[in-house]
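In the two complexes below, subunit A is the common chain; its partner is subunit B in one and subunit C in the other.
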Partner chain A sequence: MIHNDLIPLMVGVPLAGAFLNALLGRKLKGVPDLLGILCTMGTLFLGFVMLRLVNAHHVLLFEVGNWPPPIGIAMVVDGLTVFMLLTVNLIAFLVVLYSTNYMSRYTQKWQFYSLFMLMLAGMNGVIVTGDIFNLFVYLEIAAVASYALVAFGTERQELEAAFKYAVMGSLGSMFVLLGVVWMYAHTSTLNMADMAMVLRDGGSGEIVLLASVLFLVGFGLKAALVPFHAWLPDAHPSAPAPISAMLSGVLIKALGVYAICRLFYSVFGITWELSTILLTLGTVSMCVGVLLALKQWDMKRLLAYSSISQVGYIMIGIGIGTPLGILAALFHLFNHSVFKSLLFLGSGAVEYATGTRDLRKMGGLARRMPLTAGTSMAGSMSLAGIPPFAGFWSKLLIVVAAVQAGLYGYAIIAIVASILTLAYVMKMMRYGFLGNLPERLKGIKDVPAMMKLSMSLLALICIAGGLLLLPQVRELFLTDASKTFKAGTELAFRIMSEVR
Partner chain B sequence: MSRERDPGMSLIVKTITRLTVGLILLFGIYLLLHGHLTPGGGFAGGVIIALSLVHVMLAFGKDKAFEVLSVSGAKALEGIGALLFLAVALLGLAWGAFFLNFVPKGEVFELFSAGTIPVSNIAIACKVGAGLFSIFVALVIMKHEPTEKE
Partner chain C sequence: MAVYVLCMVLFCVGIYAVVSKRNLIRIIIGIMISENAVNLFFIATAYRIGGRSPIFSPLTDVQNMVDPLPHALVLTAIVIGLATTALMVALAMRLHEKYGTFDIAQIRELRG
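Right after this comes the complex of A and B.
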């Protein structure tokens, strides 16, 4: 374990980008694009630097203002953190590349980038912070920015979706805040590592159980697990395409899945009951999401329901709790970020060219937009789990992990859901890109260069993503992340002993 | 009757406002500058400074208030406040830690003490004051907004 000064920059760089944009971007035309690309490139680079450091030292620690924890705020970077940081910032960078062209259709580009950077700062903050109240604050930064971004088009439907999202999201945040309050009252500390130590020394009781439920509901709302999913199918399709990609690709994972993992594995310590709850929620999400996706005709809405279903897969992997299950869940998390962003960007490209999201009004777009069709095909195949695309390997691993753990029922449900996934993906490809080109769409052109570049890069990751499982590469990226789960509350002990 | 010629409220309100608004502003500044010594600070000070502007707008109408602080001025001030706060935090990083209080702390209970805290307070006051004023403007005169934007 070493101290590292780079960690606060993960939050500082996007924050600076957001406010510089607000100050300069209004007057100078090229500034928003440039700042957006530079900031996300910077955070992505920092992510890679931290990956190197974590591989060598396992845990990086930073004390804000030189105040030692548990009094001061600590920022902690371990394998899981750096895995999430790289996923989030990679997607953010590619989405910004796409936005440089796509957002030209909207006025007020600087507002878009300001909010985007704030959301990114919030997500990075949630991931790196080691303080539970700090986590709530960053959660709110990211969430409030995302409410505004969903409403960015300011059409009636978008405003309605944003309002619904804001109400549900605030409700979720309140649950989290209430959980934080109970935990603070019970343990007298807000530092997560210190809290874990207090709980381990016999501090657990009914209040901890209550707080666990509150956190599960609050973060479950952010992750759109099934009983709490109602806002997602409205909010994600209504946002501009790059924001749909960010929300479905990384926001629900950074704010929902990551926070659940961090709290229940590293602070509370996972128990059999909790794993069962996660498994059940995951299975229900997976089935409900896939069944609802089947009957959608709005391309983005279909993808939004698919996100609910795929988060279910991730939760099953985490609920299984064996090293292989965790590894599979993390790998699927990464894959889902990539292919779902790609598909949302693809649907944005289709909307950009044809002006519609209704699958019944499309058809034969592959002839007019070959690159969009090709990249969307790669994303779809990865989503449906067709070998050799990355999604196949992660789904396979989840099923294998379930079988190894003796959970045959879950394995069978996962396979059936995967077949249904193939069905709705085929529906999307069949009605959207294959078939006959309607008369109305004869004159459309493929999208501008930067959008193509971004989609091609994502498609490339979809195809080559399976390589992450090669032993040497896995050691660097995935194994370190899954070690965090294995260490559990032991991590807290290491951090606190280092501090003292 | 006199509304068309003269925006704002009645003569009584205007007179009272003219007398009190300076005091309100002064109280806001006092809370802001003594943030590290007494209860209050950047947020409370910023809110009260914004309220004095809101007061002017209610009593004299929007044009008078925009003479003091225009909407674009408020937006710029908000951005500057946030950047100043971030700059203080990042400067601390150059001395060894994010948010490190790198300026000498001085004598306790003196006005010029506590290192970077007063600077951060001023930054917060800029951000909060300008932000609150913008929100008020946006809520009160929505019709005015589209002309302000490009």
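Right after this comes the complex of A and C.
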């Protein structure tokens, strides 16, 4: 473990970007695009720097205000953190590239970038923080920015979706805060590592159980696990396409899945009951999401339900809890971020060109928009789990992990859900991009260059993503992340013993 | 003990308003009530029986003082709550412009 002064820049750079945008972007035309690209490029670069450092030293620590951890706020970067940071910032960078063209349809581009950067700062903060109340604060920064972004178009549907999302989101945050209160009252500390130590020494009682339930509800709402999913299919399609890509691609994972993993594995210590709950929630999400996606005709709404279902897969992998299961879940998390943002950007491109999201009014777009169709096809194949694409490998690993752990039922359900996934993906491709071109859409053109560039890069990652499983690459990226889970509360012990 | 019961009651009142009311403004008020119940509860957990204010000075030997940390945290939580509320009120105003009503039964274009 070493101290590292770069960690707060993960939050600081996008935060500075947001405020500079608000100051300068209003007057100067090119500034918002430029700042957006520079900031996300910067955070992505920092992510790679940290990946190298974590490979060498395993844990990086930053003490805010130079107060040693149990007193001050700590920022901790370990394998899982750096994995999430790279995923989030990679998607953010590509989405910003796409927005430079796409968002010129809207007025007030600087407001969009300011909110976007705030959301990114919140997400990076949730990921790097080692303090449980600090996590709540960053969670709210990201969440409030995302409520505003969903309403960005200020049309009837956007506003309705944003209001629903804001109400559900505030309820979720309230449960998280209540959980924090109980944990603070029980352990008298807010530092996650210290809290894990106190829980290990003092044992866990009913209060920890109560707090676990509160956190599960709160973060479950953010991750849109099934009993808490009602806001997602409204909010994600209503937002502008780049924001849909961010929300579905990384926000639900950084705020929901990552926070659940961090608390339940590194602080509370996973138990048999908790992993069963995660497995059950995952399975229910997977099935309900896939069945509801099948009957959608709105392209983005279909993708939103698909997100619910795919987060179910990730939770199953995490619930299985074996090293292979965790590795598979993390790999699927990365893949889902890539292909779901690609598909949302693709649907945005279709809406940009044709002005509709209704699959019944489209058809034959492949002839007019070959690149959008091609990249969306790559994303769809990855989503459906067709062999050479990355999505196939992660789903296969999840099923194999379930079989190895003796959970045959879950493995069978996962396979059936995967077949149904193929069905709705085929529906989208068949009605959207193949078939006959309607008379009305004869004159459409493919989208501008930056949108094409961003979608092509994502499609490339979709195709080449399977290479992440090669032993040398896996050591760098995925194995370190899954070790965090195996270490569990040991991680806390290591941090605290070195600090003292 | 009575304070904890009050927090519990307030929290339930807030949740009830969110779940059962059809007026946007009442839903927002419900959320505010619940939020403040959580904040109140946080403050209540900081209290120590017979505790005094947590101000150190070299002259007095403080034995039993209330925990100052939750007060600082609740201040942050209140500010965050303010931001959320302001945003939701803004959304409600925009919704009223578009639909001419605060009734959620009439604001439902999204379904399925």
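FYI, the second predicted complex is superposed on the first by the 499 of 500 C-alpha atoms of A that agree within 3 Å, B and C clash if a C-alpha of one lies under 4 Å from a C-alpha of the other, contacts with A are read in each partner's own complex, and residues count from 1 in each chain.
Everything below uses one rule, namely that contacts are C-beta pairs under 8 Å (C-beta built on N, C-alpha and C of every residue); 3 or more make two chains touch, one makes a residue touch a chain.
Please read these numbers as outputs of a predicted model, since none were measured by experiment.
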Simultaneous placement of subunit C and subunit B on subunit A, clash or fit: fit
Subunit B versus subunit C as contact partner of A:P8, first or second or both or neither: first
First, second, both or neither for A:R156, with subunit B first and subunit C second: second
Subunit B versus subunit C as contact partner of A:Q108, first or second or both or neither: first
Subunit A: partner with more touched residues, subunit B or subunit C: C
Vertex subunit A angle, Cα centres of subunit C and subunit B, expressed to the nearest 10 degrees: 40
First (subunit B), second (subunit C), both or neither touched by A:L20: first
First, second, both or neither for A:L383, with subunit B first and subunit C second: neither
Partner chain(s) touched by A:V64 [first = subunit B, second = subunit C, both, neither]: first
Subunit B and subunit C, minimum CA distance [Å, superposed model]: 7
Overlapping contact positions on subunit A, where the subunit C interface meets the subunit B interface: none
Residue numbers on subunit C that touch subunit A, as the complex places them: 15, 18, 24, 27, 31, 34-35, 38, 41-42, 45, 67, 69-70, 73, 76-77, 80, 83-84, 87-88, 91-92, 94-95, 98-99, 107-110, 112
Touching residues on subunit A, where the partner in the complex is subunit B: 5, 8-9, 12, 15-16, 18-20, 22-23, 26, 62-66, 107-108
Residues of subunit A that touch subunit C when the two form their complex: 133, 136-137, 140, 144, 147-148, 151, 154-157, 159-164, 166-167, 170-171, 173-174, 177-178, 181, 184-185, 188, 190, 234, 238, 295-296, 301
Interfacial residue positions of subunit B with respect to subunit A in the complex: 75-76, 78-80, 82-83, 86, 89-90, 92-93, 96-101, 149-150
